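Okay, so chain A shows up in both of these, paired with chain B first and chain C after.
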Partner chain A sequence: MKTLFVNIRYLIVPIMSIGTIYGLIIGGLYIWTGVFLFGLCIILDTITKNIHLKANFDKNGNSDGIKSLQYAIMYLMLFVFIALQLALAWRIYQYVNTTAFDTSIIYGLTIQNGITTINLIGAVISAGLWAGIGIIYGHELSHNKKQGFLMSRLIMSLSGASHFTYAHVYQHHLHLGNEDDPATAPRGRNIYMHTWLSHAGQCKFSYDLEKSRLEKQEKPFLSLSNKWILGYIYSLPSVILFIWAGGFLGLAALLTLWIIANFELEALNFMGHYGLIRGKGKNVEHRHSWDNDSVFTDWFFIAIGRQADHHVRGETYFWELDDVKGPNYGIGYFSLFLITLIPPLFRKYVKKHLDNWDTNFANDEEKKIAQQF
Partner chain B sequence: MFKFLKKKNKNFKAIINSSMYKIDVKSGQNLLSAALLQGIPWPHKCRVGSCGTCKCIVLKGTIKPEIDFANVLNAEQLKSGYVLACKTALKSDIAVIVKIIK
Partner chain C sequence: MTILAFLLILLWTGSVSFILYITDAHLHYQEIYWAIAIGFSLIITHMVNMAIYFKVRGNKPYLWQKYKRKGSSI
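Let's turn to the complex of A and B:
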């Protein structure tokens, strides 16, 4: 029973993503299902308790998480996110071709054909919000074997961000908490500026990494061996799909989806490491990441909130990450996300947590750096 | 209910620095994690294959790289048999050399 519970509690995103696709297909006001579910998540995250969850092992020291099952779910999510884009593209096609408003019954489902402008906006927002959540699988798989790494690249390419897979492993984990890591937001930066700077910085790093690798192997930069270029090629099917579906409007819809998705990706980076400091070249310790005890955040984001343990034990599967008493905002990611949207409110909220970090977690070198802000 | 999906563990042995240490490495476990869990002061930093601190030379046996080592190790190191212990799984018993500072 415990094994069953440990493994199915991470199914919130698959279920809600499929719910979003269902809403896009059914049409009418159901188009807004993705937005509704995101709002529900905000409420659930806010009202559920913080529980100091321990990692799940049986009495013999074996993990309760079933790797093959969790990996199967993560790999299948690539196809769920593809289906999400297909559903949105279909609605764009209907809008551009002014499909008549009527109903069809397909496989027992009553589908409302045609779409209004306001509902098209709802469809794009719904799809964008859930496409962005794909980061949780892109992140987990970036730390895995070659085929898992490729799956991460493919999932992230659906949001135009396949550079993330390289930048996360080879830049963020190496330079966390330092000015050399664009994904670590320094004190005073707001989430909007961070989205742009982090995205651009990680993209540039991936470019430089690949350029260096190809130079060492004496291969030309412009070739299909170039993984940086290949990452953008992985995004081409999405671009072709949306241009086919709706021309410039389709492309605009895809770009909007990508903006929403990448904003969510960078929001996670922002919340995970805002204002924390680590001296250059020093070992990563638990205190260099914000930890999160919200049980809804833990189950929804497949333990991404366990940043402190993850950055010290990067090889650890998400279901084995632990509460290591790292620095903590005290609220879940959804609740915190809302606060970050109003920068002065966020700075006011986070000040006491940063003061606590400076006093109780930072070493002398880090305190000295903190004084510069 | 899901127990049939769980893989059976298979252990391998790693001999470190000509029998200075001998450790067990479970199937699917990486070399660095196994060493650290068994008290070996193996040098490490990032544990995700991005810094190269945990590199070691494989003298004997077969390993399975979990990432492309070429992003961190140069051509000479790769030719010499260096691997990143944090991203190395074992396919047989192995013997390795690593610079351990006690």
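Let's turn to the complex of A and C:
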């Protein structure tokens, strides 16, 4: 029973993503299901912020997580996110072709055909919010070179961010807490500026990586051997789908979806490392990441908030990550995300946490660097 | 430099958009071959945009210097 519970508690995102797709298909006000569910998550995360659970192991110290099940779910999520884009594209197609407002019954489901402008906006926001959540699977799979890397690239390509898989593992994990890592936000940078700088910085890393690799192999940069280019080719089906569905409007919808998704991705990076400092070349330790292990955040984001443990044991499966007493804001990701949206409020909120970090976690070198900000 | 980078990006994207417009892409996008061709041109446009930004903005536009009150590179 305990094993079952440990494994099904990570199903919040799959269930809610399917709920969002269901809303897009049913139509009418149900189009806004994704937005409603996201709001519900903010409330659930806020009211459960003080509940913290440890990772679960049996009496022999083996994890209760079932790898084959968790991997099957993560692989399946690629198809869920494809279905999400298909559902949105279908609604855009209906809007552009001014499909008549009527209802039809398909497999017992009453579907509202046709879509209003306001509901189309709701459809794009709903899809964008949940497409962005796909990051958590792209992230987890990026850490398994043999069984997850390609799947991670494909999931991230649905958000136009296939470069993330390389940059996360070979740049962020090596340089975090240092200015060589674009995904670590220094003190004073706001989430909006961080989103662009981090996205472009990671993309540049992948570009440079391929440039130097192909030069060594004496292959041309402009080729399908170039994984930076290949990453964008993976995104091509999405672009073609949305162009076909709605022309300029379809393109605008896809761009909005990509912007929302990448904003969520960079928000996670922002919340995971904001203002923390590590001397160049020094070991990565628990104090170099903000932990976030409120129960809802933990289950929803498949333990991505257990950053302190994750960055020290990067190859460890998410269900085995534990509380290692790293620095912690004390509130879940959803609540914190809302605060980051208002930069002056976030700076005020984070000050006491950074002061605590400087006093109780930082070593002398890190303190010296912190004084420069 | 950031403004220059975005101006060049705007210029390049505008040029591609103009070419798509004069070839009547906006009238044919629901024909699958047109959709594929437009999709290819737009993804290439995006890749060139990123390359323009990298070229103009330099290696590490995300360095921390701007946010520091004192001290040099970390």
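What we mean here is this: the second predicted complex is superposed on the first by the 369 of 373 C-alpha atoms of A that agree within 3 Å, B and C clash if a C-alpha of one lies under 4 Å from a C-alpha of the other, contacts with A are read in each partner's own complex, and residues count from 1 in each chain.
Here, a contact is a pair of C-beta atoms (placed from the backbone, for glycine too) under 8 Å apart; a residue touches a chain by one contact, two chains touch by 3 or more.
Quantities reported herein were computed from a predicted structural model and do not represent experimental measurements.
Of the two partner chains placed around the shared chain by superposition, chain B is the only one that A:4 touches, whereas chain C remains out of contact. By the touch criterion defined above, A:283 reaches chain B but does not reach chain C. Legend: residue contacts after superposition of the two complexes on their common chain; A:182 is shown touching chain C, with no touch to chain B.
Of the two partner chains placed by the overlay, only chain B lies in contact with A:315; chain C stays clear of it. Of the two partner chains placed by superposition, only chain B is touched by A:66; chain C is not. Once the two complexes are overlaid on the shared chain, A:145 sits against chain B while remaining clear of chain C. Of the two partner chains, neither chain B nor chain C is touched by A:101.
Chain A has no residue lying at the interface with chain B in one structure and with chain C in the other.
Interface of chain B with chain A (complex): residues 1-3, 5-7, 28, 30, 32-33, 45-51, 66-68, 70-72, 74-75, 86-87. The part of chain A that touches chain C in the complex is made up of residues 160, 178-180, 182, 186-189, 197-198, 200-201, 203-204, 207, 229, 232-233, 235-236, 239-240, 243-244, 247-248, 250-251, 277, 280, 369, 372-373. Touching chain B in their complex are the following residues of chain A: 3-4, 7, 62, 66-69, 143-146, 149, 166, 169-171, 173-174, 209, 213, 216-217, 283-284, 312-315. Every residue of chain C that touches chain A in the complex is listed here, in rising order: 26, 29-30, 32, 35-36, 38-40, 42-43, 46-47, 50-51, 53-54, 57, 59-64, 67-71, 73-74.
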